[in-house]
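The following pair of complexes shares a single chain, subunit A, combined with subunit B in the former and subunit C in the latter.
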Partner chain A sequence: MKYVLIRLLRSVLTLVIVVTVVFLLMRMMPIEGYFGASFDKLDEAQKTAKLENLGLLDPWYIQLKNFYNDLIKGDFGESITYRPKVAITKILGEKLITSLRFGMASLGISLVVGLSLGVLMARYKGKFWDKLGTCYVVGANAVPVVIYYLLIQVFFTQIFNLPLLYDKTDPKSWILPVFCLSLVNIAYYAMWIRRYMVDELNKDYVRLARAKGLKNKEIMIRHVMRNAFVPMAQYLPASILYTVSGSIYVESLFSIPGTGGLLVTAIQRQDNTLVQALVLLYSSIGIIGLMLGDILMATFDPRIKLGNEGGSR
Partner chain B sequence: MAQKTIEEIINSEVILSVEDLVIKFNLRGKELTAIRGASLDLHKGESLAIVGESGSGKSVFNKSFMGLLDANGRIESGSIIYKGQDLSKYKTEDEWIKIRGKEIAMVFQDPMTSLNPLKTVGKQVQESIELHQNLKGEEAKKLAIEILNDVGITEPERRYKQYPHEFSGGMRQRVVIAIAVACNPNILICDEPTTALDVTIQAQILQLLKNLQDKYDLTIIYITHDLGVVANVADRIAVMYAGDIIELGSSEEVFFDPKHPYTWALLSSLPQLGIKGEALYSIKGTPPNLFKEIKGDAFAPRNPHALKIDFVERPPYFEVSPTHKARTWLLDSRSPKVEPPLLIKKMQEMGAKRGDIID
Partner chain C sequence: MTSKKIINNMADNIDPSLFEFADYDQSKGELTGYSNYSFWRSTVQVFMKNKVAVALLVLIACVVLFTLVQPYLPGQKSPTQIYNNPETNLQFRNVQPNNEFWFGTNSIGQDLWARIWSGTRTSLFIGVAVGLFEAVVGITIGALWGYVRKLDAIITEIYNVWDNIPTTVVLIILTYIMKPSIPTIIFAMCMTGWLQMARFVRNLIIIIRDREYNLASRCLGTPTSRIITKNLLPYLVSVIMLRMALAIPAAIGNEVFLSYIGMGLPVDIPSLGNLINEGRALMMDPSQRYQLFFPAAVISVVTISFYVIGNVFADSADPRNHV
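On to the complex of A and B.
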């Protein structure tokens, strides 16, 4: 319990520091980002007036205070160039949810399929299933994703007669993007669970479990799988949260209106407030994800106490 | 010494009988013979020590009784008779499950890694009970706590809920022993149960095993490369060299009247018997290459007393007494008389006086 509390406090502190640093960095950006297309047409006085209006000429600590005030109210300001004068929260809201849906669907599938495949590979290490799985893992990692995304798009739309582009009203249009998103993740989960299980299988306690008369299957289920899952549990919350950031390839390939690539676009268009909001969002997700992961891991692994975090690995 | 007399042991029923066991391993396309025709009768209720240097095959020999050989190993020939069944013919997991734990249980060397770090100690003991004693839930838990108490863990109710990392090495070995005992086996194999522990704890663990032997009616095999460790607990000692048992006798016979030059060498290298100020004896040479076929007596190349025949023909067992036998040509009536080393002669004199056995 104490561990959780301290871990929580530490995360909040990190978050505050990150938010502040991001804010201060954003103040150092060129001011064009606050004007949009009108920048060149305005004279100096008009520019100053506008900046004044936005509160950007106040001393930095006042700005910071105001910024935090707004933040607490859930106000991230308005977009400037991306969709002028629209509240950031409104822009992001829909996009985040779209990406989250795709991400979660794919994550769910990847976990189920990937973990099963990995378990199978560990169980039959060196045999057919392991070799087949290894081929897949290597293939999925070695071939650039875009290549098989394109192949999938070209062939699967023809063979299975599936829609090429995402359409909100057509559930069938989900299949291909989710499939694409899952391919690499399945390989990823399969690879790690296999690795951790093989690690566990070589440990002495497995030998003792066998000597006391447990069947292989029982050893796998009661001892090995559970223990192998613990190190993976650490990254699970972050993986779940990160689904909101979408996939730049898949989303643009299937024209899904998600968050994938939004940050890049925002930077290119010099939309300072949008950039700020996205950076804040992603870094908080990182921090919260890690924290949840640590807490999750601590609930599984009794050896983890403050001071020797990660000592178990 | 609370041991049974050697006659009592020899006359009690044979619980496990190994005959001419040959075990081979495949290693990178080559074949290695780890056990070369070893035979052994284990008597009910005894404690037998198997000693021998590292690599002599002690673990492999014993693991084969439980079907725990590594995947690249196999029993080539010979038999392991237990309760009328030949275990050497067992192949499937279903067959071995009937033996493992229930009939023969094992305690391994390293208590620090023998327990699952993510399960409570109590649950791991309870698992054995639920597997082999037809008890479930609360009843099984009660028995688990009782067994924890029996292996000398204080406040067993509280300790039941703790995890392995909250235990010291000695305490963990007690838990491992509890797990083995909880299977309610007939035979308990202890593979270097104290090697990883410090000396005072070693003695405690050995004492514990001795107590448990009476209480749970166990036949115990101690595996060790340290003769000194088992001097006090073993009724009989089997000396293993290069995959064969080259001398077998009661503890006293092996200690005070050893016949095989390898046993002489082994005893001479005991620190407990070393003479102050003199360098400790160490055996010259290295054990034979198990990849090659061994002709004659495996120890011959390292044996300063080796005879010509030692390099040609494998010696049979020569009986020294009804309970003592050794595989060495030196015992053949035709061999020249070879004097054992000084230290061994001193031991023999001590034995003749039937003085107190080294403690």
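On to the complex of A and C.
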């Protein structure tokens, strides 16, 4: 418990530094971004007036102070350029839920398919299924994802007569985006569970279990699988949380109104408040996810002790 | 007198073949416990056993060689020149692959064949440069981070902050300070890429830094720099080579990504990312899909080859897999 508290405190410190650095970096950018296409039409006085209106002409430390004052009150502010005068929480709320739905659907599929594939590959190591699976894993990992997303979009829409773009009312339009999102994740889970299981299979307890006369299936599922899953448990909470950040490729290709690419757009259009809110959100997710992962790992495997006590280092 | 005779007799009876140099026989040598084990020779031997990897190595060597000599071959077109049809005096827009333009032309009449090889050259150069830089910086910082305890807390904190700053912010600011060009994009990728390598090396070094042989070195007063270079890094050769080999496909993928979000190289420099983007714009027209397929095929071949070669090489550089 004490360990979690200390870690949380340190994380808050990291978050403050990250947000401050991003805040200052955003102020270093050229001012064109605040105006978008209308930059050339406005004269100097209009530009100054707009900047002053946004509070961007104050010295940076006053801007920073105002930002933190609002933040402590729980106010993320309003969007500047992305959707002017709309509260950040409102913009994010809808988008986060859309991305979360797609992310969770694909994560669920990937876990089931990926883990089964990995177990199958470990079980028949060096045989046909293992080789076929390895080809898939290599292809999915090595080739830039956008290439096969594009090919899927081109061909699968024709072959299976599926809708090209996402449509809220059409459940069929979910199939391709979820399929695209799952492809990479399945390869990831299959690769790691196979590697950990092959490591575990060479250990003595497996030999003992076999000598006791346990069935192969039982050894695989009850003993090997459980131990092999421990290192993967660390990344599970983070990957669940990260689904809210969406996928920039899939969401732009299928025109899904999610969060993928929102950060890039916000930075390009210099929507400072939106960027700060997103950075704060994503960084907290990363830090919290890692911590939950450590805790989950320690519950899966009681031998793992968190904190500084014990251990030789 | 007799004794001398005996000695002469002995000299006559000695079999001269006993005094010839014996050929070295590895299998017999191993029986007596002696081995002429050489790390690199065993690595190459194990690597050569994997037929797929060897085939891909030959393939990628041919591709790299070809991209380098392609502009000097006779009859090659310029990747940036726009070609006009002499009869109609119009540009050769979106011409299907034919004898004149082997891979067809793009939407403004440039030769796709020349552009693809020029783009492969650019992307491979970016990949290799980023891979090398990441290795040098990542290993240096990672080794210090893992081995020098006093630095651990500081570098961990720097890592946490740097890792959480969105890459896009860094990129936009860099392209604002520097012009969008090949050096800028290499620099930008290096600025964010070394982190992963450094953390990876650090974790490995933490695992082996307190093994007995390092403890012994430290007790004998070996300076830190020598422990790192002589005791720790040779241990990591195989995994570091793996990361470097994987950094090349990763950098190519990053370049594609940056072009996709509109922050890659300027459009007048052909690169695989730019070509994919041009192909994407036309992919809904079935007759124009060749503009997407050709660059996609080249990217797939290059990235898969590097990925497989890297993995197989790392396996064969691991002494546990040696004979």
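Criterion: the second predicted complex is superposed on the first by the 232 of 313 C-alpha atoms of A that agree within 3 Å, B and C clash if a C-alpha of one lies under 4 Å from a C-alpha of the other, contacts with A are read in each partner's own complex, and residues count from 1 in each chain.
Here, a contact is a pair of C-beta atoms (placed from the backbone, for glycine too) under 8 Å apart; a residue touches a chain by one contact, two chains touch by 3 or more.
This is a predicted model, so every value here is computed, not measured.
Between subunit B and subunit C, the partner in contact with more residues of subunit A is C. When the two structures are aligned on the shared chain, A:S283 is found in touch with subunit C, with no touch to subunit B.
By the document's definition of touching, of the two partners only subunit B reaches A:N216; subunit C does not. Shared-chain residue A:Y249: touches subunit C; no touch with subunit B. In the superposition on chain A, contact of A:M28 is made with subunit C only, not with subunit B. Legend: residue contacts after superposition of the two complexes on their common chain; A:V138 is shown touching subunit C, with no touch to subunit B. Once the two complexes are laid over each other on the shared chain, residue contacts for A:L151 go to subunit C alone; subunit B is not touched.
Residue overlap on subunit A between the subunit B contacts of one complex and the subunit C contacts of the other covers 312. Of all the residues in subunit B, the ones that touch subunit A in their complex are 66, 68, 93, 97, 100-102, 105-106, 108, 110, 113-119, 127-128, 131-132, 163, 165, 176, 179-180, 183.
By the touch criterion given at the top, residues 14-15, 17-18, 21-22, 25-26, 28-30, 138-139, 141-147, 150-151, 153-154, 248-249, 261, 263-264, 267-268, 275, 278-279, 282-283, 286-287, 312-313 of subunit A touch subunit C in their complex. Subunit C meets subunit A in the complex at residues 157, 160-161, 163-166, 168-170, 172-173, 176, 206, 210, 249, 252-253, 256-257, 260-262, 276, 279-280, 283-284, 289, 292, 296, 299-300, 303-304, 306-308, 311. Interface of subunit A with subunit B (complex): residues 203-205, 207-216, 222-223, 226-227, 230, 300-303, 312.
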